[in-house]
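Taking it in order: structure first as structure tokens, then the write-up.
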Amino acid sequence: MRQRSLLILTSVLATGALTLSACGSRSDDDKKSSDGGGNSAGTSSTTVVIGVDAPLTGANSATGLGIQYGAQIAVDDANTKKLVPGVTFKIKALDDKAQPATGQQNATALVAESDVIAAVGPLNSGVAQSMQQVFDSAKMVEISPSNTNPALTQGKDWATGTKTRPFKSYFRTATTDANQGNFAADYAAKTLNKKNAFVVDDKQTYGAGLAGIFKGKFQSLGGKIAGTDHVNTGDSDFSTLVTKIKNSGADILYYGGQYDESELITKQLKAAGVHIPLMGGDGMYSDTYIKTAGAAAEGDLVTSVGVPVDTLPAAKTFIDTYKAKGYPGDYGTYGGYSYDATTAIINGVKAVMDANGGKLPSDARAKLIDAVQKTDFDGIAGHVSFDEFGDTTNKQLTVYQVKSGKWVAVKTGEYTG
Amino acid sequence: MHTLPQQLANGLFIGSMYGLIAIGYTMVYGIVQLINFAHGEIYMTGAFGALAVYTNLPDGMSIWAALPLMLAGGAIVAVLIAVGAERLAYRPLRNAPRLAPLITAIGLSLALQQAVFLWYPHATAGKHFPQLPGDGFDIGSVSVAPGDIFLVVAAVVCMSALATFVRTSRTGRAMQATAQDPDTAQLMGIDTNRIIVIAFAIGGLFAAVAGLASGLKYGQIKYDMGFQAGLKAFTAAVLGGIGNIYGAMLGGVVLGIAESCASAYISNIPGMQQLGGEGWKNVWAFVLLIIVLLLRPQGLLGERVADRA
Amino acid sequence: MTTTIPQQPTPASAGPKQALLEASGVIMRFGGLTAVRDVSLTVNGGEIVGLIGPNGAGKTTFFNCLTGLYVPTEGTVSYRGTVLPPKPHLVTQAGIARTFQNIRLFANMTVLENVLVGRHTRTREGLFSAIVRGPGFHRAERASRERAMELLEFTGLAAKADHLARNLPYGEQRKLEIARALASEPGLLLLDEPTAGMNPQETRATEELVFAIRDQGIAVLVIEHDMRFIFNLCDRVAVLVQGEKLVEGSSEVVQNDERVIAAYLGEPFEGTPQSAPEAAPADAPESAPAGAPDDDEAPENDEQQENDK
Amino acid sequence: MTDIPLATAEAAVAGTDTGRRAAPYLPMPRTAARAATLAGAVISIASTFMSWTYTTDFPGDLTVSGYPGGLQIMTLIAAILTGVVALGAFGTPGLRWLNPSRSPNSVLLLALATLGTTWYTVIDIAAKLGGFANLDPGGFVAFIGALVLFAGALGLPIDRRPQEPAGAEYYELGRFEKYAAVVRTYVWLREARLHHSDLRVADARKLNPWLQRLVIVVVYALGLKILTFGLATDYSDIFIGYLIVVAVGFWGLGASGLLKQFQQLTHRNRRFSATVGVIAAIAYPFVQNNEHWANLGVSVLIVGTVALGLNIVVGLTGLLDLGYVAFLGVGAYAAALVSGSQFSIWSGVQFPFWAAAITGMVAACVFGVLIGAPTLRLRGDYLAIVTLGFGEIFRIVVRNLDGVSGPKITNGPNGIAQIPDLSVFGYNLGDNHSMGSFTLGRFANYYLLMLLITVIVVLVFTRAADSRIGRSWIAIREDETAATAMGINGFRVKLVAFALGASLAGLAGTVFAHVTNSVVPDPYQFSGPVPPNSAFLLAAVVLGGMGTVSGPILGAALLYVIPEKLDFLSKYELFAFGLALVLIMRFRPEGIIPNRRRQLEFHEDEELAPGNRPMGDDTVPAATAGA
């Protein structure tokens, strides 16, 4: 008796649910199409949406907003220049708060929206790991302007030379830790003639990766490693570490991580009377570093990806636009890469449409993967094209040094190791 | 081992800071048996209060002249927040089940941290803090920075002032009585509410001193500096014997020295090469806490109380 | 109150005159204060023993020593010839149940649930069987509920089984505490001032209840201030003064002992806490240290405070 | 508390006091009030068929005449509901069942919902588009209609709190008690409060059992519809309107007694309603056939399940665990290690899901015991701080176990990536599966798997709570000394609760690892902008209701969905979070879904007659302070 009643009611419920869902989806469709109608009333163009995923709030938001508005400017440029005739590009920016699970939710949200064609982002390599698969199963292009973990494109065993590309749909316009770390080691050993390096990192994907690569390369160039240590992000007292460095006899300190900790380390280091330069990656390339560390920062070095922006006219225009629009966030770090990544997508869309007689094909997302793979243009941070792993072929790097309280470019080159 | 004196000094400096913050935990706990989780954030707001005063001072003012004003500013902010939290958040919950004030404290801690993050100008990243002039100098094999001197002097002055206050003043004795037995103290005509407010205020004041000292020592303050510091300070308070003000300072110093020695020397122990260094120091601090709780749950200076089931 | 408690036969049921509880040489010191001095006491099967004494005589402290809430500084407590470990739950497990001077029910559980908690030691169902809910679990749960309902019938609370314990009137809360204690199927029941705050009718009813319990073969040790209650009820009475056992014997013996009269002389039985030195009987050889606090209350308060946190 | 003793207690109070008190807030003739209410409802309904604004710029396109859209639908629904419930309250035959308590309070609250959502819309249009000039006549009609409706409802005889006894003292006012004006205002405010909780309603259990079940099914289906409707709203504006209608409307339905009747029904048909609830939950990915919402559903279930595990520790046993998310992490890492990911140190090892789940549970349980054993002997406060420390340490340790600064286990900061999708009995959860006209995507699959786990955890929770061990947990929470004196081995019982909580979190962690494809150390922290983190889990428990089953799940859902829908708030989320914890503890410590016990525990004074209120909050001796 009970069984039968259950059965009947279940089927009633199921029918009900089906009816409801049918209504629900139809009314949604109605609304959407009427919305679309409203929007397209003025222009007769298709709207193509490019998703952006970055931390837009929270501690990393300055950099994340730089990514968002970098992409925004690229889209605005494409729309005003009518780069792809008949297409209006729009940005849909989602906030991943630097958390993998949120990044993944954003990825599914972007994938679920049919007018989103590709995505730019995310900022953090850890977040990218959760997003790659979602985009890949949807055959949707994802270009990160800032992920530096080599494993994202070259697979787990990249360090041993056996590189395999895990996801065909993932690209990046930033160069990997491998290039930057090697370039830094090269500069430290050959140009600065340092023999004995102390290597510290913050145990984050970026910092630990960079430090590990620096260490390997520095040793292979005949340098000695005086010691290694790892700090916790958020710590402010590094006196123990400083004492260790002081007694290690190192003549350079390499730090893999962000300026939040390194500015304190360099200050405490020099306060303890250890006057050796601190060298780091682009995570330290910030004016805040010099401001907080004060005189202690003098002589410290960073490597940064790309050539100095003021040497490229396109980059200058970008920065001027960014400032003129009054966008929040930090365009300096990854804004240019974000612009280039977005432009690569826009160019890809153009290529896909050209091949389809000027219309967007139904499988545009999948076709875009091939188109982006063939990207080849001059962006604002250098030449943009992707190798067989989806990595940028632009391996331009610059070393900056603090001189009289300012970052000054001391060497620009390409790592070709 | 020639680095030992320096490492001990490093531990002493950071430990004094823990100790100063731990006073706030231990006094409040001693009187109302409440772990004021938000105390770490009070330390943070103290530092930001001091910075706010500094940024509004005329340019070119000497840091020595600014220092008392900054201290006053930080103290006012921290004490107001501490007392306000007591009055508005904790006091209404005195009769509530024991989880309620703990959860309130956590909420308060989050809200304070985020309030500074959101509304203090440009506080989303670290804020630069003014520095004492002068370079570091060496005492024997130990190098010391001006910020360290300020910290140690502040800790010593604060501790002796507090000890004198508790021992000799009427209010101080009332505090001791309240900590012993609040009911009886109230029967004896002690206004327990006032005593509780004073405990929160002293905690806030000491936290502000610690916040200022931290800014002077590191040159950077951050909206999230309170969480770690609060956790460490609470550990220090437990190590020293919660409720005991001398224990708080002792616990702080012990914790600081343990941390710096663990970070410096554990990697020298065969088989533990990888487990030393800065990265593991918080782990060792935690292990120390667990060991103390296992072996001497009443803490180093705490009294053995019957039936702590 | 003539309902029988259907009692599962206890395997080692002690004979009427067999010693059930033997406390020998129990000493309890708190810091410098000795609350219980070398007290020995025996309770035989089927007996009702009273424990009286002025406020602060150490009665409750002695109780706490018997039930493992305090670890006696010296001395042993044995039950049916086995020395009891000083752990409350093991003492209950062995067969000694108790009530508290200040009622300690599980206020937010229903009356029935309170009694079911008392069944804890007499049931075995763990987490796993609770989750799997096999037939054995249902059987045990049903049996527990039946037994609990019997006890509620016995104490006259069956109609209120679904009420929250906190909503019961005072007298019924006392009864519920007794029912809860009986649920653990004790051989010995310790009652700590079961009639405190009761009117004469309620006191009579409690007297009946205690007799009914004794008639089930459960020995009772009871602390009380109400002399009439004690002398009506008890086969034997022990008098505790200043932590020491002054006299022990039948009601008449105790009633006529002049030291007892001296100890109580002029002292109201309830109410104002007396100051110890004056109250010290002339012939008590070692008088307590001057200003010894009211030890009957203090440790209990302390312990309660600590557990309320 | 069951109905009978409550009723008798109230009766006792009523006997000595004035008893029920009903008075309109706006004095007007009864017929006028009724007429205004109905007229307001009709005007509001009519207005939604008109155009409210000129441009389509406002979200939801309110320019169309002829049929309602966007926020107009909210006004329409609220107004219809108000109208029919009002008719029910006025005794219209055939509609009386809509308002079983016969109290106009429900009409007032529903009118408030209508007013809230309508005025919000109108003001939002004006604010977004720059002034009231952007309103079409329809907007003004709606504005007036809602006002008339609300005014009419204010004129109805509203059931209120009994009058305060003369000379009552208000200690909670502190030193302000000296000022007569303050006290008068305070008394006035106290007396103005609605009071309908004790109204008697017809017993729904007398209905035909078949009808009872039908009602349950319909209500669950409606609930599902309301939920999916809310999730499908495109704009945060519409969602706010939706929230106003749902929250205030729910309150109104509570006043009408319908919720009480529904509770009676679910209580009577407990097993049946649980089954229907589960079926409704299963229907969710079919009804809401969108991968993003399925993903959100998975996240809500994961966090809700973990919060439920935490509820055993916090809600039942009364132990505050502030590092609970670490156990989720332990489970996730354990599952990742045996998942067959090439980044795992045992990259060849691939356990079937059931084995991985057990691995995760066991690993988390071991950690739970390791943390609990030294601390559970001590006071509860120590546990809070040690677990907080453990939560932090977990992240640090995991970050260091990469072979460089520690043994190679977790791959350090890079975590374990490319965790393959689960396959259960040959059903690969990563693939799309077609079922009739539905396609179940990856996240829908995981949603269903996670739902299974949630059901298991709910069963574990309810069964454990209602057993010997569960009673001992609650006894420990209530009075640990008394509990040990009743023969409960406090340490052991607490350890069991702690380890069980940890295991359940570990179980959820195993799914979490597979859903997110990777495990990295960062999410497992004390507080962070997004779940899971310990503060979030605690907030879910506290917001939803400590000690209840549905509370933490509802709490998790709200904490997920509200920020998702109101994206402009995301910046302030953590701040709001902290503030919410403080305010909830102060004003509604029992959470949204109060545990029967907890509610009494927290609001004891209000259950008593006003004159019997215990001494004011502020004069309590410090003995119990901070307890």
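Which chain is which? They are A, B, C and D, in the order written, and residues in each are numbered from 1.
In the analysis below, a contact is a pair of C-beta atoms (placed from the backbone, for glycine too) under 8 Å apart; a residue touches a chain by one contact, two chains touch by 3 or more.
To keep track of the chains, here are their UniProt names: B, D = Branched-chain amino acid ABC transporter permease; C = ABC transporter ATP-binding protein.
Predicted, not measured: the structure shown is a model, and the values here were computed from it.
Visitor: Starting from the Cα centroid of subunit C, hunt down the chain whose centroid lies farthest away.
Guide: The chain lying farthest from subunit C is A.
Visitor: Per-chain C-alpha centres versus the global one: which chain is nearest?
Guide: D
Visitor: Cα centroid separation between subunit C and subunit D, in whole Å?
Guide: So the centroids are 44 Å from each other.
Visitor: Measuring centre to centre with CA averages, how many angstrom lie between subunit A and subunit D?
Guide: About 37 Å separates the centre of subunit A from that of subunit D.
Visitor: Averaging over Cα atoms per chain, report the distance between subunit A and subunit C in Å.
Guide: 71
Visitor: Counting only residues that touch at least 2 other chains, which ones in subunit C make the list?
Guide: Within subunit C, residues 69, 301, 303, 306-309 contact more than one other chain.
Visitor: Can you list the subunit D residues in contact with two or more other chains?
Guide: 379-381, 396, 399-400, 404-405, 480-481, 484, 490, 571, 601, 623-624, 626-627 - these are the residues of subunit D that touch more than one other chain.
Visitor: Give me the residues of subunit B that touch two or more other chains.
Guide: Residues 33, 98, 183, 227, 277, 279, 282, 308-309.
Visitor: Any idea which subunit D residues touch subunit B in the complex?
Guide: Of all residues in subunit D, those touching subunit B are 314, 318, 320, 322, 374-375, 377-382, 384-386, 388-390, 392-393, 396-397, 399-400, 404-407, 480-481, 484, 490, 526-527, 535, 538, 542, 546, 571-572, 574-575, 577-582, 585-586, 589, 601-602, 617-618, 620-627.
Visitor: Would you mind writing out the residues of subunit B in touch with subunit A in their complex?
Guide: 2-3, 6-7, 10, 13-14, 124-126, 128, 131, 135-136, 138, 143, 145, 214, 218-220, 222, 224-225, 227-228, 259-260, 263-264, 277-279, 281-282
Visitor: Within their complex, state which residues of subunit D touch subunit A.
Guide: Residue positions touching the partner: 56, 60-61, 69, 210, 213-214, 217, 220-221, 224-225, 228-229, 232, 234, 272, 275-276, 279-280, 283, 286-292, 294-296, 299, 342-343, 396, 399-400, 402, 404-405, 412-415, 417-418, 430, 442-443, 512, 515-518, 520, 522-523, 528-532, 567, 570-571, 573.
Visitor: Which residues of subunit D touch subunit C once you look at their complex with the stated criterion?
Guide: Against subunit C, the touching part of subunit D is residues 1-2, 5, 9, 379-381, 459-460, 463-464, 467-472, 474-475, 478-490, 496, 500, 597-598, 600-601, 604, 623-624, 626-627.
Visitor: What part of subunit A is in contact with subunit D in the complex they form?
Guide: 5-6, 9-10, 12-14, 16-18, 20-21, 24-25, 28, 31, 34-35, 38, 56-58, 95, 97-102, 104-105, 108-109, 111-112, 125-126, 129-130, 132-134, 137, 149, 151, 155-156, 166, 203-205, 207-209, 212, 228, 230, 232
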